[in-house]
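Chain nomenclature is as follows: A, B, C and D, assigned in order of appearance, with residue numbering initiated at 1 for each chain independently.
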Amino acid sequence: MSDPIRIGILGASGYTGAELVRLLAGHPDAQIRVLTANQQAGQPMHAVYPHLRSMDLPDLVTWEEADWSALDVAFCALPHGTSQAIVAQMPAGLKVVDLSADFRLRDVDTYAAWYGKAHQAPERQRDAVYGLTELNRTAIGHAGLVACPGCYPTAALLALSPLLDAGTVEPGDLIIDAKSGVTGAGRKVTQGLLFAEVGEGIHPYGVGKHRHAPEMEQELSLAAGADVRVNFTPHLIPMNRGELVTCHVRLAGDATAGDVRRVLGERYDAEPFVRVLPEGATPATRNVRGSNMAEIGVFPDRLPGRAVVVAAIDNLAKGSSGQAIQNMNVMLALHETRGLELQPMFP
Amino acid sequence: MSDPIRIGILGASGYTGAELVRLLAGHPDAQIRVLTANQQAGQPMHAVYPHLRSMDLPDLVTWEEADWSALDVAFCALPHGTSQAIVAQMPAGLKVVDLSADFRLRDVDTYAAWYGKAHQAPERQRDAVYGLTELNRTAIGHAGLVACPGCYPTAALLALSPLLDAGTVEPGDLIIDAKSGVTGAGRKVTQGLLFAEVGEGIHPYGVGKHRHAPEMEQELSLAAGADVRVNFTPHLIPMNRGELVTCHVRLAGDATAGDVRRVLGERYDAEPFVRVLPEGATPATRNVRGSNMAEIGVFPDRLPGRAVVVAAIDNLAKGSSGQAIQNMNVMLALHETRGLELQPMFP
Amino acid sequence: MSDPIRIGILGASGYTGAELVRLLAGHPDAQIRVLTANQQAGQPMHAVYPHLRSMDLPDLVTWEEADWSALDVAFCALPHGTSQAIVAQMPAGLKVVDLSADFRLRDVDTYAAWYGKAHQAPERQRDAVYGLTELNRTAIGHAGLVACPGCYPTAALLALSPLLDAGTVEPGDLIIDAKSGVTGAGRKVTQGLLFAEVGEGIHPYGVGKHRHAPEMEQELSLAAGADVRVNFTPHLIPMNRGELVTCHVRLAGDATAGDVRRVLGERYDAEPFVRVLPEGATPATRNVRGSNMAEIGVFPDRLPGRAVVVAAIDNLAKGSSGQAIQNMNVMLALHETRGLELQPMFP
Amino acid sequence: MSDPIRIGILGASGYTGAELVRLLAGHPDAQIRVLTANQQAGQPMHAVYPHLRSMDLPDLVTWEEADWSALDVAFCALPHGTSQAIVAQMPAGLKVVDLSADFRLRDVDTYAAWYGKAHQAPERQRDAVYGLTELNRTAIGHAGLVACPGCYPTAALLALSPLLDAGTVEPGDLIIDAKSGVTGAGRKVTQGLLFAEVGEGIHPYGVGKHRHAPEMEQELSLAAGADVRVNFTPHLIPMNRGELVTCHVRLAGDATAGDVRRVLGERYDAEPFVRVLPEGATPATRNVRGSNMAEIGVFPDRLPGRAVVVAAIDNLAKGSSGQAIQNMNVMLALHETRGLELQPMFP
């Protein structure tokens, strides 16, 4: 092995931070040099995540204490709204992979409208590349700052972008009914995420108002070559990990569900982390748990002229930390699957 | 109290059978006289359901041993396809509430097509009344045989029928994305229902092919006054009880989500078991767990001209055994809420 | 029905408060007149607990606003340490059922040692009666202030007290290995109770240091007629409700597991809410979920001279709110099962 | 890499079979050549385990079809009682790692008594080595046939054997209160393992009669140098993976909990897969999920002269398939951690 890639993780106390550590532990080229967590600074990582006790990791520091110039890559796993100012201060040569929403929306006015305040680093926003690896690999390869997609957009865009691009489905009638485990909300300590509030039940949330909607629309509009709006209806599921998006689509012209499956199959044929299932097979989040894999299935609808496209991912892996590492690999011209070859864990 | 209503439950070893017993325990007029379970005949009910050990219940017998003439009401909680022949042999005066699918489809050809064999009691089918209480109360009041709706149709029809009836939504674009806990599948001992196969994951099943689709279409067509087809996409959720249907609808003319809420609110204003939520409130299966209540919420869609209508029920209560008792109450001209006044259990 | 019993619930925003409301809804003599929740005062109860939306309940007020003189019974479901001062100000004639730990320990020094501060109402403590109904019924019948046991002590004392009283087990070797669902910790918003922290795992907590240990020891010492100490090792289980205590006991003299079962069986023969299982039957929390029932099973040990006694309860019902209502019934000379006749809910 | 180790897995359709495949996928020296599953022979592995769809694996065959002479190692993940006859027919040079109970009990009469039939390969039993790696490494290194411990014995022996060996705890008073997720029972399709039967509840099973008791006693007797009997009380927990044993021990002489921690700490200091926690830290199954790690914590007891020793493992990893690979590594003189370096997955 040549010199290791020196890595810093900002916001290591969140679930995506811990998942980055778990996955990077298996990356042969990576070495974690800095872990920040401002509230827990001074503590060892295993004080925050006891499952990592046996790893040899640097203690947590504040982000102000970190020496960015000694790093090759910084992963920002900070809460939304807090990455911008910090990224703005990072040295130019540092490769930055941001897992927050801060650099996803290209239009800063749209950002301000959905996130409730002006963007604090619009000049870095201009250079940020949207990091859905399979759909934007070339640009990611040249990027200094990659904005990793939200977990829902990752699944929905993998399912829908190639279909809009190919003209297989109508852009004006996209209904995205989504389901996520609780880690999609991070390690936020709020009543609504208590075990007793989530267990043994299901409910929708943020119907018509979720911040992942404009993000999907931005990217789907690019694929469609026209302004696209979507229905996006997420639901909270009593499980830790996993995300499933059920996309109800109207077929263009006389396209069939088989055409949808074929378009997706061809598009992802060479992709190591996207699996388009054969007819009759059903995606399940269990099939991808703990791995960077996305699984897509296509079903004919009883309604003529429609189809159902279902995508399953692990929200912490392909939906955030796994894809972030995949992007790092692309940015550094490493083999894209490095550190991401874990098989799914079932049961 | 006058003479008790003498009740028999066929198929007491399934979950809907056990739920009937639990609910009837609190019904002041009911007395369980017969419990059948052919495979466990001879055993006490608590051998099959230890949680009922403290109840004073008759031992399990085969259905052939039961004396129907000594009963006022028979609940059939048998597997699909097995009620027909048994009901055909019951005495004419016995009130029958069937929880299976056997008498739900009015058209016996449709039945044969979806259930894979000819109907065995077409003459009784002709007199069967579809038992969604709120939508068919008068006919149920005169019925000798009531076919209780499937759990998914119960929730979907409560949400959609009044809207089609009032012309508030378009009948040609109904997308019903549904989610259910595992008891919706009964106590079937199959690999797919093992804890380790269901826990920590979600997946769709029966997409475009589920038998509840023609049942919904039959009733929605009645409400719309025209043939209706629906998309129906169910998902299995890692929880015991609860069912949520997320209906994505296209609004008719210039109707709004507010109109949808108003139509439903007026329709169910006097109903004890349907609760239309005010704007901003979100249905959740937890809010109805263990009770006969249905909860409906309406949301504007980001897609213009569309809305999202969400209904939540407990699949074992309002979705089967609770509604069955509600129907019995109507058939016998009892107060409709008798035995069904349990508040939801949360957490 | 004569005049209803006018009830106030202090601390209605916690899980035990909500459970009191659920159970009292089925109590034919009870009428809830006051619900306090200082942080949510002014809101309707369904803002805090949407599952109670269809009940006709008074809005939440602060406890300072409540008119105690217009009530017959006050249930205190406040956090530990906050009941004392409030109870001290209540009018003498008001029957008080306290669900907190504030009045459980007779010795105020022991209280101070375990709860970290001096007792604030020692004069009321002197008159408080320990409210494990089956073991203390007569005193409860004359009490003005009843201190309901903790959930773990309820299960452990039901299993062990009669055995110490009868001299069937040795008092010096009591090992209580306990398991509880998350609602045992209340609705506290802490990281350790998040779904993602609790789901799919188990761990012990408070080993050798849990505050329920001195409470058990106080009551077991009474039963044994000598000072008793116990091992108490609780574990957190990924479920909402339910508590199981596995008591590993040394048999006195040549007593057998059969003797243990017989002693318990005779002791609880006439009790409506304690079920001693026959040989070979296994207690399970599912068998008592949502009900006020306790279920006890006895097993021979492979170690000669030992036995295993297992008790299962619903921590929110018999373990707190159910037993509180049972105590109220005893205090007011009502039939003890009023409002508590709900059958367990399974699945 | 030199020639790969050619591996066959018998009984690939069970959970331990699937876990072997998952873990071996990350073993740089291993190559899976044969997967048997007699009932699913002819199908691809992903027909049985869809999460392995992207792996390049041989199709399932019957064990009779497998060519053992072309393999270096055979893992037997067959149901108890079926390995014996098959192993008896294997070529002498083939290294066999058996995950079933078939070769664990050295005394064939004890085997017959607990498993209900005579051992079918007593001559191979004589050469079988008990495969708790940390406690038996040298013998495993020379073995041709290794009998991997049961999941419960793995955790219990790691916690207790060094203490008996060192004389720190009394051998006559060992109480092992254990808790396991459902995969401990394998992929058996039985009513008791359905989601709806297991979810939201806890119960003990096999109290005083579980087959892991004689296995623990065999090994603990070796450590103690005297006949040892144990209390063993397992409980079923609503989670997929994870096993926790809570050992209630009597300290020898004037030993303390600190001595217990020190003895264990020294014993496992150099072990890569056993982590003895510092004072105050609590073992949790979440901390080892998906990994081969065992975590042990020690607590003082309130009862004088006693302590509580708690061990947590993943039953499918260190409790079966992980330890099986660890044993293979030892048998083949590979680095012991090969293929087992996965960090735990949390959440």
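Note that in this section a residue touches a chain if its C-beta (ideal position, glycine included) is under 8 Å from a C-beta of that chain, and two chains touch if they have at least 3 such contacts.
Quick caveat: nothing in here was measured; it's all calculated off a predicted structure.
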Chain separated most widely from subunit A, comparing mean CA positions: C
Approximate Å spacing (C-alpha centroids) for the pair subunit B, subunit D: 45
Separation of mean Cα positions, subunit D and subunit A [Å, integer]: 36
Subunit A residues counted as touching two or more neighbouring chains: 15, 181, 183, 196-197, 199-200, 238-241, 284, 286, 289, 347
Graph class of chain-chain contacts, one of line, ring, star, complete, other: complete
Subunit D - residues contacting subunit A, complex: 15, 18, 21-22, 25-26, 49-55, 183, 199-200, 240-241, 275, 277, 281, 284, 286-290, 293, 316, 341-347
Subunit B to subunit A touching residues, read off their complex: 172-175, 177, 179, 181, 196-197, 199-205, 207-208, 213, 229-233, 235, 237-242, 244, 246, 248, 282-286, 289, 299-304, 306, 308, 310, 312, 347
Subunit C contact footprint on subunit A (complex, rising order): 15, 181-183, 187, 189-191, 193-200, 238-240
